[in-house]
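Both complexes below contain subunit A, partnered by subunit B and then by subunit C.
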Partner chain A sequence: MRIARFHLVALLLAWPLLAWGGLPDNAQGTGEHAPHWQPDPMHEYWDPGTYHRPEAESVEGVFKGEDCLECHAEATPGIVKDWRDSRHARAEPPVLCPACHGEDHQKLSFPTPRTCGTCHPQRLAQVEEEKKYGFPSHALAMERAVDSKHFADKPKAEVASCLQCHSVATKCDSCHTRHRFDPAEARRPEACLTCHSGPPHPDDLAYAASPHGQRYQKEGAGWDWSKPLRKGNYPSPTCAYCHMRNGNHQVADKAVWKFGIREINPHTAENAIKRKRWQATCADCHPPETAGNFFRQLDDERRTAWGSLQGVERLLKALRGDGLLRPAARERPPYPMDFMARLLPRERIGFYEGQASAFYNVGAIERDYFEMWYFDNLGAYKGMAHGAPDMSRRFHERLDSAARNIALQAKRLTALDGKSPSGKNVDLTPLWMEGEYTRFNRDHN
Partner chain B sequence: MSRRVIGIAPAQPKARPQRCMPVDQQRSLAGRYPLWVKGLSLLAFTWAFLGWLNDAWFYQFDNSILLNRYTEYGLIVAFGIWRIAAEKNPYTRKRLMLLVANVAVLWWLIPWLFPFIEPYVGYLGVLPAFPSLHTPGTLTFFLVLAAVFLFGRRVICGWNCPCVGIREVVGFPFRQADHVPRGKWAWRLRHLKWLWFALYLGAMAAMVHPANNQTAGYLGFFALIVVLPYFATMLLSPWIGNRGYCRFLCPYGATFGLLNKAGAFRIDYAVDTCTQCGLCEKVCDMGIPVWQMGAATGKIDTTECMGCGRCVTECPTSSLAFHDVRTLLRPALRQDRAWLRRLADWTRPAPRWRAAGFALVLALALIGAWHYSGLIGSGAELISNLGALCGLPVSTW
Partner chain C sequence: MQRLLATVVFWAVVGTGTGVAADDCLSCHRQRDPALVAAWEQSRHNRPGTDCHACHGPEHDGRMAARARHNDACIGCHPRESGSYTISKHGVIATLEAGRTDFTQPLRDGNIRSPSCAYCHIHAGNHAVGVASADLDKAGRAEARAAPCRDCHSPRLIDTWFSTGDRMVEIGQMKAREAAAVVTAITRRDAEAGAKAQEIVQHMTAAHLRNVRLGVGHQSPDDQWWHGHPALDGDLLRIKSILSDQLRLSAGP
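This part shows the complex of A and B:
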């Protein structure tokens, strides 16, 4: 009780200092668009290595080992209990709080992957190695998020969710939640589905619908999750079994289709090597011919999806050529510091011309195409790639209906050609020169 | 009618020219070719371009060998056999044999049948499959730089470059004088490639750090600015000669050229014996003013020379001789016309042993590549080991 009372008094006395803790008001963002965005207070939590500032108002003193537990068993019992259940507590000697947070209570830090890497260097090396494989990548996720134009451009409320998942690059507890840091937790698919769910990457749906996931749902509760993800240890694979084979913390080494976001040639020498790795992974349970046929089926699915996307893309480019995509690029404020967009304003269509624009205040037909290739297309890919062809089929139905819908809209736009349905010429510019995005953009750029 | 008056002489049994002329009488001046040969050559260029387009952009067919990135190498082998049979200069014939063999084995069969990834430093975003000697940071890249420093650009441009390969064996009709621009301005135009070289340096700088939007975008731009002119210059061969890309644009050639200049390679020129016939300038596909340069400086030490050896083996008075690291080690060695032609003389017994040795090395390389590519599939991850070697800590955990 004495401690709790001390806390209260200290807090009352130190309240003016609260402003000194956390991020300063003039904190700058990072990355390509650093001058154009300011971090939220929560950012010190998502990217502690960059933004964390020690809390000067907290308890004074230098604490070692068991000292921390004494107070925190009362102040934050959940944390202490988690830690007591962890392998850190059972290690000899135990890995105590100061090992990761430091000893001086006024200069405490949040651990980064580098902190974890002091004891788990091989794991850190595997994570770092992922950077060699390019996008998409866990290790490059944070940069990828803050470097995208719409991250700097959009109202804060709309990008608040980005870093929750993209912080996978800047801390390890995305998968091994603190303070238990349980490998068994990360072996289960739920660890991945925190982020790998929802429209652009419905891995949750795909896994649940696949025979692998069916088996897991039926029996998973009874499996011994303390066993490493190796051949023979589990009756059915989870996400990590295949994607982080033998516990390799390098998820990109077999990425052939790269999320299904872009069309690639699956037969380059590089992809042939990655295929071979997949085949070796599948061979833990399946004959190589089965894996080979599975890849062929996936290739066919991709070719079909991209055929339909390209058809629609051609349609939109024809509309762009005729100046029928409204609002046109020059009718919207450009992205921050986007020199080329100022110089040559251009409606961007599809992945190759910049996915970010599709989030933006574009016309309905462009937005529909964005949803088609980003949501429906990726859903179709994820289903087929994870052994859920029926899910893929359903998403292909959506692709087809989106294509039909866009074609209808295009027809209507061509027929109207700048006129209102009543036949009068109307100026729609004011419609998209007002509104939240536009105001926000004007204030910030 | 008049023809009948003159009458037709009975057909004389003409002596057919010997298929292989005596070693000392052969010439590698470009011949004049009929339109259909030129058309065939342009068709093959177009086919190679379509193969690349399909492989990188369109994916219209399921990686058929008839229309993918290996199509170009298949054409090199097909035309290469023709050119090797037709070539009159024995040294050039030998060079073409090795060039075509290298393209077939190193550039085509190995990446196609058992691809494997080379060790590399830096962040490429793609895995460099062997042989990635144009990709900065790979093992072959550094080995090639060292080899060029010692032996000159010829080790890669002359003997092991698919870009030169297709231009030599498919683009041969455009070697002739009406197609190859020579003269002051054509010679000056060589400096254009330093722009491409600067872009290449930019690509190297971009590879030092992990990919971000800008570096990934830049590398994509660089790939296009290299590959599109690469194929475009093939189709422009009738106007800029078969070597337009090598002479005016190639950033890799520029890199090797710098090492050419800095390293041991040059061509020595003997002013006393030179009769100023100018043959050396006529046979040079790279448009180097060989005689002028030799007369002015006493040697041909230029970033441009890719060591095909045509000028040396054609020089009627043996006034030209290669100079490389071998000359430094054995000062008595003079790599002139006679020496090079003797090397290429397959009737001599010694080179036969050399050929057997080469075949042995090649077989070992193939077996090694096959073995190594198998290891990669089963999880012996060279890259992760190398990542650990490159400063990332290793532990037994």
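This part shows the complex of A and C:
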């Protein structure tokens, strides 16, 4: 044992000297903008199916059965203890390390959803099925991240932060934390909240403020989480109870309001089917009229929010028409893939023009609209959708105040133009295209 | 603040039993655990109001170590840090494991399923909180920082994560420096506007950049991103907009 420990210490000390795997220097991006960006080394861990390279020249040998545990009980004791508490360890025969990682220590891999699907094919099929419903969905989350223009544009160490949540598409341990993978843990709301929190999706605040969430907070610790997410098993619904009903890992087929991110017609034939699915979920506890009233309230809330957003968009488009938005499109750093935008530059206003990526390369008034649309609007939606109308009301007050503030700024910009009409001709390119970060951003895709 | 008050009141009530004065701890433990006391003495915790009792409680009841290993011992003084940790995956697991974690175990060897505050910051009982970073060279700092992670994660992952995390912070610093350079230009034109813009830069550093650091340290995506980088972007462009308007106005009618 003493010798084994000595080897382990020697290995750890020598580790930085050993050539190991990892992303080669010439690794390329993936997706729509693939030719325009190179991944950060951490990308390997968030999307192992695409980027993982085995660790060469560390430990050699082929390890079968329980061989791995001997060293790893010493090398990484935490994960071995975790695995011993898992159902994988209790299964007959047990699911040992090589089942997911391989046997040859020179060619080890991280499991992808496909790896887990070898034994859990139904769950994998459910996740895959999400793809036909489009975004928002877990299965398309990574695609969504890397295909956005700001992801391709910004330094990759900065946007490595995006991958922690968007890797829900490429790994199963976002919700089933390794190495215990306990469904009882994934059923609890906390399992969702690391990602479903923050200004554009404050699901944590919305659920906590709702009667459903308040009951969970009072009693949830004592509920039997080993029970499946079925009618009668839980006194109050959790995130997964409604969004992954009966344990269905396909979370996209009820997405009527599409995250609140863009205007939709809630009464298309497709949405009528989705509303029926919601109604059936609520019917575990509530009569159909209750769900129907709830949807109508949500429809009304959305209509009000979109009315407010459209008013501001009209205002911004008028400023654009008058050439009063600065930096003007030609003065702001272009995205690396935007050849057309270099030929025909245009300020992006609203969801359909690509506002989602226009939060750093714009002037203050456009950024304020971005925050109004992405933060205040989505807070208002999330509150109402989760049965927290007071929260929704607070965010509507913020929407109103943002609209007033933007209107004031618009007035000020117009007045500025009156005072200094020749200011239109001032070239602001050096201010907006230069600077330590701005230059670094331009040079690092 | 409420939590801090509750902690103080709690210990004031409990402490009336077999309480031991803080100075008394040191008189015995200097003999029994000289290395531990020496580590604490050079730590950032060696300051008025943060004596042994602050984390261990005044009761010498055999649960003193377990009590201080629990996150509850830290959150009273570190609410912002604890918020960042709680929403991280480590924090989520800790919440879900509440009541099932054996805090009588030492803070090493993956004895606690998900690292608690103390598991990483007082790893293997090392009480020298906050000094490692100041007193060690670069390699020593990297080693001290990585040691707790290695109980569960591979050295390569840890190394990759910390170098990406360091760059994430450096990029945040670039944004703050770019903003500061713009403020200098604003101040040259208009001292009052410059002072206002300077306040924004201070906020960038004190709030958003701190969030990035907390997010990197605690693996908390919201603090790295929503409360960190895009927030820095917003303030940088607001400062640029101030200068932008000044330049436009100075063109005259």
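Rule of thumb we're sticking to: the second predicted complex is superposed on the first by the 402 of 445 C-alpha atoms of A that agree within 3 Å, B and C clash if a C-alpha of one lies under 4 Å from a C-alpha of the other, contacts with A are read in each partner's own complex, and residues count from 1 in each chain.
Criterion: a contact is a pair of C-beta atoms (placed from the backbone, for glycine too) under 8 Å apart; a residue touches a chain by one contact, two chains touch by 3 or more.
Please read all numbers here as calculations on a predicted model, not as lab measurements.
Once chain A of one complex is fitted onto chain A of the other, the partner contacts of A:372 are absent, as it touches neither subunit B nor subunit C.
By the document's definition of touching, of the two partners only subunit B reaches A:143; subunit C does not. Between subunit B and subunit C, it is C that contacts the larger number of residues in subunit A.
Of the two partner chains placed by superposition, only subunit B is touched by A:122; subunit C is not.
Of the two partner chains, subunit B is the only one that A:32 touches; subunit C does not reach it. In the overlay built on the shared chain, the residue A:280 is in contact with subunit B alone; subunit C does not reach it.
Contact with subunit B, but none with subunit C, is seen for A:246 once the two complexes are overlaid on the shared chain. In the superposition on chain A, A:135 makes contact with subunit B only, while subunit C stays out of contact range.
When both complexes are overlaid on chain A, the residue A:263 reaches subunit B alone and has no touch with subunit C. Across the complex, subunit C is touched by residues 12, 15-16, 20-22, 40-42, 44-45, 55, 76-82, 85, 155, 157-158, 160-162, 164-165, 177, 180, 185, 188, 190-191, 193-195, 197-200, 204, 221, 326-327, 359-365, 367, 371, 416, 419-426, 428, 431-432, 435-438, 440 of subunit A. Of all residues in subunit C, only 87-89, 92-93, 95-96, 98-99, 109-111, 113, 150-157, 159-161, 163-164, 167-168, 171, 174-175, 177-178, 181-182, 215, 219-222, 224-230, 233-234, 236-238, 240-241, 243-245, 247-253 touch subunit A in the complex they form.
Residue ranges on subunit A touching subunit B, taken from their complex, read 31-32, 117, 119-126, 128-129, 131-135, 139-140, 143-144, 147-148, 245-246, 248, 250, 253, 263, 265, 267-270, 272-274, 276-277, 279-280, 299, 303, 306. Residues 55-56, 59, 62-63, 68-69, 111-112, 115-117, 123-129, 210-214, 216, 373, 376-379, 381, 383-384, 387-388, 392-395, 397 of subunit B touch subunit A in their complex.
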